[in-house]
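Input: a single structure, listed below in structure tokens.
As written, the chains take the letters A, B, C and D, and residue 1 is the first residue of each chain.
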Amino acid sequence: MQRAINGLKRWETLLFIIFIGTVLNNVAQSPAYLNPNNFINLFQLSIEKIIVAITMTFIIINGEIDLSVASIMGMAACIMARLYDVGVPLETGIVIALASGALAGAFNGFWVAVVGLPSLAVTLAGLVGYRGIARIMLEDRSIGGFPGWFNAFGQQPVLGSLTLGIVVFIILFLVGAIILHRSAFGRYVYAIGSNKEAAIYAGVRVQRVKMTLFIASGMVAALAGLLIAARFGAVRGNTADGFELDIVTMVLLGGVSIFGGSGTLVGVGLAILIILNLRNGMSLINITGNTQTLVIGVLLILSVLIPNWGRAVQTWIMRQRLRSAELAKGGER
Amino acid sequence: RDVVVAEPGQEVRMLLLPKFLGILVFDEANQGALEAAAELENPAPLIFDGPTPENSVAGQIEIVTNAVTQGIQALMISNNAGDQIAPAAQAALDAGLTVVTWDSPIPSAVGEQVFVAQVDFNETGKVLADMALSILGEEGGQFAILSASPDAANQNAWIAAMQEVLASDPAYANLELLTIVYGNDQSEESYNQALGLVDAYPELDLIVAPTSVGGPAAAKALQDEGLCGEGTDNSVVVTGLMLPSEVLAYVENGCIPEFALWSFVDLGYLTYYVTYLLATGAIEAEPGVMFEAGRMGTYEITEDPTRENGLRVLMGPFSIYNIENIYAAVGMEAPE
Amino acid sequence: MEPVLAIRRVSKRFDGTQALDDVSLELYPGEVHTLLGENGAGKSTLIKIMTGIHQPDTGELLLDDKPISIANSAQAQHYGIAAIYQEPMVFPDLNVAENIFISHQNRGAIMRWGNLYRDADAILKRLGVTLDVRSPARGLTLAAQQTVEIAKALSLKTRVLIMDEPTASLSAHEVAQLFKLTRNLRDQGVAILFISHRLEEVFEISDRITIFRDGKRISTGLAHEYTIERAIRDMVGREMESFFHKTLSQPGDVVLSVRGLARQGVFEGVNFDLRAGEVLGFAGLVGSGRTDVALALFGIAPPDAGEIYFQGKRVNITSPEMATQLGIAYVPEDRRQHGLVMPFPIVSNISLPTLRRYINRIGLIDFDRERRTANEFRNRLKIRSESIATPAGKLSGGNQQKVVLSKWLNTRPKLLILDEPTRGIDVGAKSEVHAMINDLAQQGLAILMISSDLPEVLGMSDRILVMREGRQMGIFSRAETTQEVIMTAAMGQEAAS
Amino acid sequence: MTAIRRLVRPEQLREISLLILIVLACLFFSTQINGFLSGRTFARVSTSVAIITVVAVGQTLVVLTRNIDLSVGSIVGFCAYFVGMQFTFDRTIPPAAAVAMAIGVGALMGGFNGLLVAYARVPAIIVTLGTLAIYRGLLVEYGNARTVTTANLPSWLVGLQPTNLFSIGDIDIRLMAFIAIVVVLVFQLGLGYLQFGRRLYAIGSNPDAARIAGIPARRTVFLAYVMCGALAGLGGFMFLVRFGDITIVAAQGLELQVVAAVVVGGVNIFGGSGTMFGAMLGAVMIGTLEYSLTRMTWISQFWKDALLGGFILAAVAADAIILTRIRKFWARTELTLAAPVSETPEVRRAAGD
């Protein structure tokens, strides 16, 4: 019983309830919602962001942040496009673009893990700097006309009715969840996020873990950048501009503490479902972008506020109950 | 050939998609479209929906994609996503929607049926060059371009056209283009860029800003630095494409001696007509098709000379504004 | 005489644990009242209720016979109740003087730095410590932090002063200083509530003693009514034999050999050999550099000069991970910062350094095996907790220490470095730890034990190395030493007088 | 050595190292840009960083308490637009009332943030990420695609931006820069000499200890947010003065610039240390770099961002490296006051957990 109550108090449970609420609301609001295509669209339209949200979850649990992901997405896409434009085979370009993402991640990781600068500062510089590289690559041009097979990856289903992006997301999510919650590496990620010093004293290779995370983050961001290039069929210097805030929002709504050390991937998965559903539902009834953002802002705050209030009320009730029990006992004597 | 006239009263669910919300010109276009909708007695309400400025590209694509699910029948897109919107627009076309672009086309023309061009993009280049020439005079001078973002397709096309005009006609030989900078349609960046220009190029005479945000910001910067406006010799001034109501003060004080624009109300009106006709099957998107667009008269669908494979309806003309006619344009009495 | 502060039938429950069960206590002006109890008996919880950090579930507090409710620390201070907490609570970015006067809301809205430094200096002088009042608190050793805490409490005009294990990280010299002050305050009519696990100290300072067990008050009485044996019986609930089970054994091969070890500006010239089965005690005043030597051996702050031979091989230890792999374990002195990941459950804390052992074939953690180990240690060390899934942060101080010990014993080290291993541990647990140290030595482990508790060092070590100001003053064999000899070595000339 | 150590606190060390970096950067740029070391450069940079500086001062107040305010960009935009619109309705609003209005609206918005962070215990980043969207959304709703234009503003307001208060030799102190300097000085003094200021450090330094020490942490954090909002409101007014033409995207993304200034200025993002001078120097550093890069005509527009990113990183890294070096050096000179064995960044757990 106690366990059941504790289960109910979990963040994930709350998110699940909100999620069901959004689904019901959408069904009531728009007949188009239940259209099977809509479910694919719902993921497909934000697929790059939610892929990066997975690695971002690791990074934030680790007590760091990576604000440069959106710029790395843009940079990788631009590098690939530029190489393609000058005649390098696309396959080679893709490999180089992924490597550039990993390199950018390693660069971030070096300053954070080895030199010990705050990740916020480092990746803020990266946010500006990697976007700069994207700009240098394409200047004011837009490059498209990639081979059909490449565009198909972004636009056509590869498995049943799922696109490559969705398949990648599902695989990364499952693998990520296992690594985070079942493997030694995941345990280290939490340990470092909770108390870096204690982790060092316990012989955890903190630098290596952080480095790995930043490289993974850079590489996954690059992959997401390529997916967005395939989905849009063309690349520009501002590709994926400003995605970082949305990505961080998803992770935080998922119950991951910005101070590190706590949160689950399941929570983030639910938060992703909520945000996508909410946006989709609002889009279907023509609520404009600004209002959508506003609603998600409100939701973000409420999702923490309501459980806080709930807990306060609960404590109060418990104390009242003990008090009255005490009074009753006193009366007997 | 026949001039097709629209048959009012048919139901077409239409969506007008601006680059993003919160900019006056797009609201004016919506006014025009609403006017046309009333005239055509379309029982379905016109939807005016757009992304936020910072999320314009992904937001536009999202709206286009969702439009199919929603059962929208006709899309009118002022494209801010370059060719990146093409797959989504093509998907909409494939799903049987009518897709028309206005204000800013899809560069590759993939996914659109017709582009309703406010003006001829080559002509825009010429108009910009002419204004520069008329401000700087025969002896010419140095100028710089302050554009929106490096990613804005229509701005880039206009600038390219202007450069071409400058290079091809000896009449402009004395106009020297120094550089192109970008203010990203934000006042603060445009302001700082304008200051950077006057510092980096002491001989600068003119800033050409083909953006309704960049122009006033540049004018304010120059005015603040005492380079133009009352009590100065207007050593550096601004021209470009702007909204009369937003630059009145600078025209009055001489910081913007001359600028150009077309009517966004008319553009919205015409776009609505074209789209309605296409969606109701009254016309096909083919070169040579002629139709009547209500109060604006007769138009023809032609090949777009500025884009391969593209079709367009050319609205025109430019209105050139200066101190003489700006009061009329903003509906004010000219002061004595 | 009227009690200043009376606690009436207070109960407090944390989900799962009844921390306090119908507890009453009176504090009279001008007495030193000592609370004794095992780890987790509820001492700190009671204190936190008296200072407004926790609210009692039931029961009430009376100040001068009038019921009061204390909602927060500011209110507690307003009533004249001040506390020195078990874990020092300093502000690392503020300097020492500011730290001392942080609670003085009545010093006015405008800072007068000159006065502040002067007053802080004066208070520290009264305490007999030299600390630069302008230096930031960041980087102070635990003992220095504790000193700041004491100064902070003394700076307030208090009627009730609570001291939760203030001596845990102090050495004899500082303790004597502190007691002098404490008596002073007592004579001025302050009621002092004192908590300590060092029984000799308790009998030295206390006027009255109250003993807690399992959140209940077992007995209260004048200090001289108690003997050590009775106190222990009341705390533990059964008879217990004497403390130090030192069994002398035949030392084996040299495990660790250190030659001319130095880290610039911190310590220098450290030379010793440590054999398997031997316990080498490290004694010295607080700040004498003992911890730094340990950190050098464990690879956290590698030395600049000197040689380390481990099991006969010259080694260059540059990271804790390397040290662990060699078979060196280090139980740090600051368990909050370095010892534990507080939000982690006990089980994950114990397995952290050895996680690689709990990986199954497909590369995932074998939770069952991990839990089995944790349960073993929980039983062996008698860790008091609801289960091994309880977060370490919710344990009482002593139980936390046991978790840290478990975690390192589980690495099955060849050399075990213990830094203040019994800091904050109750008598029962202490004797268990001592028995364990003894056992481990018997099994052939080489043990290096840093401790500020002189009886402990003397009782447990085969040999004792004394440090002073970063220099090794000598190594004394168990047979030839007394407390006096060690203190003289540790303090230099002045102490001899 | 001891004397110097006692005189110069580590925080001030940060500022000195940053100042040296700025001087070095200026020397470098003076070889690249004609007439760089001139009054004009000063006027340009000082006015262009004035707004960021004012907002960064507010941000610093909040960051010191181990919180953050990401909504400042939206507050600045809202206040600039709101006050501008009031002038559109009524041009005769007196200057003092306009400023008060901007500050008031800003303080209100900051107060809302503060309420949620301090009293409802919602983590700051969540609150302000939310209000970043909410305040901007309100502006869009309120703005309804209209634009504030200089034509609608009274001439005294339009004329404020170039107003020169006084000159020191070649160097003009313009009104905007003056406001910023006054704000920095006032708040710097407040931090150093007011109980309130020290409390901000204490709370950020160790939130648990702050609670135990009886510091009214909630009220203090709340007030920090109110002030941060008020300063953002003042920044909004300055924004209106400087740019005149205000759209609903005004000051979008300003929060990142402000956070960058604060971080480069050596304010610890995890609370407890940093100064207003530092924040100002951070803003100046970034402002100088941006100023210089736009004026080096041989550098392509498209290289600017990449270089700026590199410079920001270099500034942060140089600052950190210089600082640890000096700390180590001092640690060696004085045994009894040694630095910690290993830097122990405070456990960054939230105050609210």
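Assume a contact is a pair of C-beta atoms (placed from the backbone, for glycine too) under 8 Å apart; a residue touches a chain by one contact, two chains touch by 3 or more.
Fair warning: this is a prediction, and the values are worked out from it, not measured in the lab.
Shared contacts of chain B and chain C, meaning chains that touch the two of them, come down to A, D. Set side by side, A-C and A-D show the greater C-beta contact count at A-D. Here the spacing of chain C and chain D, counted between their Cα centres, is 42 Å.
Averaged C-alpha coordinates put the centre of chain A at 28 Å from the centre of chain D. Averaging C-alpha coordinates per chain places the centre of chain B 37 Å away from that of chain D. Chain C has residues 300, 337, 342 in contact with two or more other chains. In chain D, 140, 302, 342, 344, 347 are the positions where the chain touches two or more neighbouring chains simultaneously. Residue positions 135, 139, 194-195, 197, 200, 237, 261, 290, 293 of chain A are each in touch with at least two other chains.
Of all possible chain pairs, the ones that touch are A-B, A-C, A-D, B-D, C-D.
Those residues of chain C that touch chain D in the complex are listed here as 51, 53, 72-77, 83, 85, 89-94, 98, 102-103, 105, 107-111, 113, 130, 132, 134-136, 138-139, 152, 264-266, 287, 291-292, 295, 300-301, 337, 342, 469-470.
Touching chain A in their complex are the following residues of chain D: 116, 120-123, 125-127, 129-134, 136-138, 140-141, 256, 259-260, 263-264, 269-270, 300, 302-310, 312-313, 316-317, 320-321, 342-345, 347-350, 353. Taken together, the chain C residues at the contact with chain A in this complex read 11, 13, 55, 57-59, 298, 300, 319-321, 323-325, 330, 332, 337-344, 348, 352-353, 355-356, 358-359, 363-365, 407.
Those residues of chain D that touch chain C in the shared complex are 6, 9-10, 192-198, 201-202, 204-206, 208-216, 268, 272-273, 331-333, 335-342, 344, 346-347.
Residues of chain B touching chain A in their complex: 20-22, 47, 49-52, 54-55, 57-59, 61-63, 65-66, 68-71, 81-87, 91, 107-108, 149-151, 153, 156.
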